[in-house]
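I've put the structures underneath this note.
Heads up, the next two complexes both have chain A, just with different partners, chain B and then chain C.
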Partner chain A sequence: MADLTTTAPRAVTNPRATLQDLLPKIVLAPSFALILIFVYGFIVFTAFLSFSGSKLLPDFSTWVGLNNYVRLFNHPNWITALKNLAIFSTLYIVVCSAIGLALAIFLDQKIRGEGVLRPIYLYPMALSFIVTGVAWKWFLDPGIGLEHVMQSWGWESFSFRWIKDGKMAIYTIVIAAVWQSSGFVMAMFLAGLRGVDNEIIKAAQIDGASTLTIYRRIIIPLMRPVFLSAFVVLAHLAIKSYDLVVAMTDGGPGTATWTPALFMQKFTFGRNEMGMGAASAIIMMMMIFAIIVPYLYSELGKKK
Partner chain B sequence: MSAASQDVATRNGIFARAFIYAVLILFAVYYLLPLYVMIVNSLKPLDEIRQGNMLALPQQWTIAPWLSAWSTAQIGVQPTGLKPYFLNSVMMVVPAVAISTILGALNGYVLTKWRFKGDNIVFGMMLLACFIPFQIVLIPSARILGLTGLAGTITGLVLIHAIYGLGFTTLFFRNYYEAFPTELVRAAQIDGASFFQIFRRILLPSSGPIIVVTVIWQFTNIWNDFLFGSSFSGFNSIPITVALNNLVNSSTGVKEYNVHFAGAILAALPTLIVYIVSGRYFVRGLMAGAVKG
Partner chain C sequence: MRKFLMSTAAIATLFAAPVPLAFADESVEVLHWWTSGGEAAALDVLKKNLEGQGVTWKDMPVAGGGGEAAMTALRARVTAGDPPTAVQALGFDITDWAKQGVVGDLGEVADKEGWDKVVPAALQNFAKYDGKWIAAPVNVHSTNWVWINKKALDAAGGKAPETWDELIVVLDKMKANGISPLGHGGQAWQDATIFDAVVLSLGTDFYKQSMIDLDPAALGGDKMVEAFDRMAKLKTYVDQDFSGRDWNLASAMVIEGKAGMQMMGDWAKGEFLKAGQKPGTDFVCIRFPGTQGAVTFNSDMFMMFKVGDDKKAAQMKMASDIEDPGFQSSFNVVKGSVPARTDVPDTAFDDCGKKGIKDLAEASTSGKLFGSMAHGYAAPAAVKNALYDVVTRNFNGELDSKAAAAALAEAIAAAKG
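== the complex of A and B ==
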């Protein structure tokens, strides 16, 4: 990029001009320094911790090599957390994308009241996961929520106790998380649909393609970049999922709904296993970077 | 209104359209249901929730749960209600949003109009910082806050939120200023305008929309934050999300569901109002943060 930036040679005669030249970098420097220390420096710090025998406090005097990682992957709670992450992220991504795409396509059919429906689909994104958690926790509670409602309507045998059931509780978190995020995915797809070139559709219609065929063969394949964006956003949210789990089940019943983020928190600050906590955070970061770095790389590459 | 698929739409039969409307309305009900449950049950006496039906309207309307949630409910050890925590959140959010937005604007300005060697690397590093799992910085952050005496203070939380918001605010302003004509900046420069004069007189006046988007984004994220709040707050700096969680998940005493729901709405109110008033900008922020991100 050969543009007219200040790096172009210029006769520097007086100190004021020099200051003006340096000013942009001086302005940027504090932010960059903060990011450098608080993000990258801290990552290095945590990486070191993960190889140390730290318990209650950071302790760099004992080195244990990969021992924390070995213990981590042999710990049943971490295995539970990984299994939950696999179930949660798969369902969360698939269901959110399916609902998001379906709603976007339906909304794009010259719907009367679109202006009313769209904000309704999207407002959960403005809420805190804690609020979402409280609402769903009590709504799915067998004592007062859905089960109680159905029974009081006369369906005496109706039973819905997933949130109290170790095997099913993780699915209730999926329900709440899908509720919160699917509207957002809808908005992404809707923006994508409205960007589709009209000419292609017209050509297909002249060729006699049915509506279904046009969607299946032309429009949905054109949505590939949106699918990719949705995948990246949802996957990284899934790996970070913490607040919602705390609010709904706090990892329970037992350890049934532990996620990696919950594991990190509980081991570092609850069980004084800082070394293992740090190791779990490093694994989480590696999972996220595995998804986000190639994506950012291709996105940034496209623009230039 | 150039939506391509709208041409497809006109060819749907009446039954197909009825089906589409039915599905759309069904989902609207699904999205509204938890809000409805929270509102109606926050206006009922506790007995009515226990014995009655969560989906029914109150038989006996009462605002007592709201008053309790705001000012008398037991949170932790004290019967203070959510009020002090709500104020903590306000005191935390306002400076954190202001600082991160101002710095983000300046960073975006430098990164687009005063480009230098390696600026893309600087930007790339700031961008990647948006996506790190915050678990990775929890331990060292706690250390730094402890060492600087900011542990457990609102100032500490402001600092943390401002720093970890910088990536996104910079991203927003950079993408916005990228489209701003650089010739105008160069012309002003030749006329002798200084770095800050150019920013103030030329870029800032047309930055309205992106400032709104950034402020909303930061406000929503920081207000709704739980992880930092629960990790770094002390007795006098607990934000509302943490207090709400304490209220709802405290194991002692009777579970006052109606108070919990009122509290949840109180905690959600500021971001909901922002969303209702300026939903357009909210969505733009989401898109800019996610799609471009």
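== the complex of A and C ==
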């Protein structure tokens, strides 16, 4: 080898070229291997678990077929969790997008102090959901929070006890989640608004279109990709919502605010029903895939 | 698959932790969730005893009441093939672990010290598996206690209620006196703790049939409807902000006189004592009306895992120290529970502790000592939590009594399957 490299100049470039070819692969290999094992490997592992009769520990000696899934969908708590997810995710996504878009449009009016206002709206995102949850739990608690303060200020008839009311508690979680995330959605929309070509807007202004029409007919339709990104980000946050619920209500009052992620954790680790927990995790994963896969298709398809 | 997992985990630990392989001295590694002030102080007694014998104590605290987080940590350790020496555990969790074939055998110490004779049989059902001692019980908590503020009781007639009807009379008077009669926190396990006592108050046979034997007829029957009716009645004495409140805040309400009484296990006594209150003068402890003579218990135990021969001697020393009558007394005086052996003198305990020891011995001999459903000593975790769901939904008004009894029978049948 040494002889070759010193005598033939072509051979010098060859190993270097191969190295350059290989380098990205070598650099990516560890992370690829790790993801292969720790993400996809464990997804397969969980899928296996969901067909096994595992209770306390993974147990692959007994196979129960679809029994875990049957029990899952017959369990009232899972049904509650699915209903809550439907309420929570719909409201969360719609309200977050609406507030985020409105804030972004207001901030986009070339106002003074935007540099100060923008981070103010964005900061809640810097908090973890646990902090948000605890803060809102206290704020909404009738005994010490909003209701108590209002009544002590003299508004005796003021009443806001949703967090203690099984029928309304899920909406308090929506409120806290919206507070946390709408600033982030605003930032996404703001970036989108700034990306709109000024020429188009000017052309529309010359044609005599009002600001409202410009937004309604030109800018917002142009932001379709931003809406999609916001939807995907918010939807998967909604499906895996766990920490916020644990901090605010821990599933209560009663079982009123159970969510699928809470169900998964409680069944796998608290109730020694690892098989059912795995089944619920697989269902959650399928829900996320149902959102992500079409999105990836549309995004990747466009580039080709 | 399991083997593959274990070997990968073993390789991972080889790379990750260059642990010194040989320990010259003996040591025990203890996984527990006693991290709050009083509990940690109580555990410190054991630690000191062991250190006096040259055994190093490696602490592995995983906080979180009820030990759910600790059990999750334990799963990881056992799957990796490296269990701690001893683990704090409760009821059916111990049996579940024993079924996995990973627990140790304390027979050597137990036989020598005669545990069979002094530990109540109801506890042995959990501390032994397949005839072998696998866990050392530390204490017995009983859950069918009521803690009453003495002033509030005096204002309500002064006589501690002995029957359900008397209880309602006292609660009504407390309500008329302008306080919230029942201090309670709306968390599933707290609702279930009251439910235990309510079921027991409808007869010890009924408790055994429904909670221990899980007889579907008893679970869905008329008597269960009555139990849920009683729960609904008790709900009317709870203030409207009860949902989600921690149990110690409910105790604080009773201590401050904002609430009249709390139905809670004997760990609540610690809160009263910490506030400088004295049993008999500031607060009164009674059994849940209608359950005097019977006891629903839960018991903290240290479950011992299979360890290498080099650690075995230390494990045995720890087991022996736990069952030492001196330790049982000093630990339980601090913790608020009663000793797990019936031959420990009650001299160091306060009046409520003395009553607890006497009641336990009496219930144990008369066969009225039952595992608490709410605390995992009557049925495995899946069944316990199925009951939690129904009880808490009923208590929060989602299910009426008839529907709740039917749902209970159904949910428990589903959880058993």
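Note that in this section the second predicted complex is superposed on the first by the 270 of 304 C-alpha atoms of A that agree within 3 Å, B and C clash if a C-alpha of one lies under 4 Å from a C-alpha of the other, contacts with A are read in each partner's own complex, and residues count from 1 in each chain.
The rule we apply is simple: a contact is a pair of C-beta atoms (placed from the backbone, for glycine too) under 8 Å apart; a residue touches a chain by one contact, two chains touch by 3 or more.
For clarity, every value in this text was computed on a predicted model and none was experimentally measured.
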Clash-or-fit label for the pair chain B, chain C on chain A: clash
Contacts of A:L56 with chain B and chain C, given as first, second, both or neither: second
First (chain B), second (chain C), both or neither touched by A:N74: second
Chain B versus chain C as contact partner of A:D250, first or second or both or neither: both
Contacts of A:K164 with chain B and chain C, given as first, second, both or neither: second
Dominant contact partner of chain A by residue count, chain C or chain B: B
Which of chain B and chain C A:F269 touches, first, second, both or neither: both
Chain B and chain C footprints on chain A, overlapping residues: 58, 137, 143, 250, 269
Complex contact set, residues of chain B against chain A: 2-12, 17, 20-21, 23-24, 27-28, 30-35, 37-38, 41, 49-50, 52-55, 103, 106-107, 109-111, 114-117, 120, 122, 124-129, 131-141, 143-144, 163-164, 166-167, 170, 182, 186, 194-196, 220, 223-227, 230-231, 241, 244-245, 248-249, 257, 260-261, 263-265, 267-268, 271-272, 274-276, 279, 282-283, 286-287, 290-293
Residue numbers on chain C that touch chain A, as the complex places them: 1-2, 5, 68, 71-72, 75, 78-79, 93, 96-97, 99-100, 186-188, 240-241, 243-244, 380-382, 385, 389, 392-393, 395-398, 407, 411, 414, 417
Residues of chain A that touch chain B when the two form their complex: 1, 3-7, 20, 23-25, 27-28, 30-32, 34-36, 38-43, 45-46, 49, 58, 99, 102-103, 105-111, 117, 119-139, 143-146, 148-149, 152-153, 179, 183-184, 187-188, 191, 193-194, 196-198, 200-202, 205, 211, 214-215, 219, 226, 229, 232-233, 236, 239-240, 242-243, 246-247, 250, 261, 264-265, 268-269, 274, 277-278, 280-282, 284-285, 288-289, 292-293, 296, 299-300
Partner chain C, residues of chain A touching it in the complex: 48, 55-60, 71, 74-77, 137, 141-143, 161, 163-164, 166, 249-250, 252-256, 266, 269-273
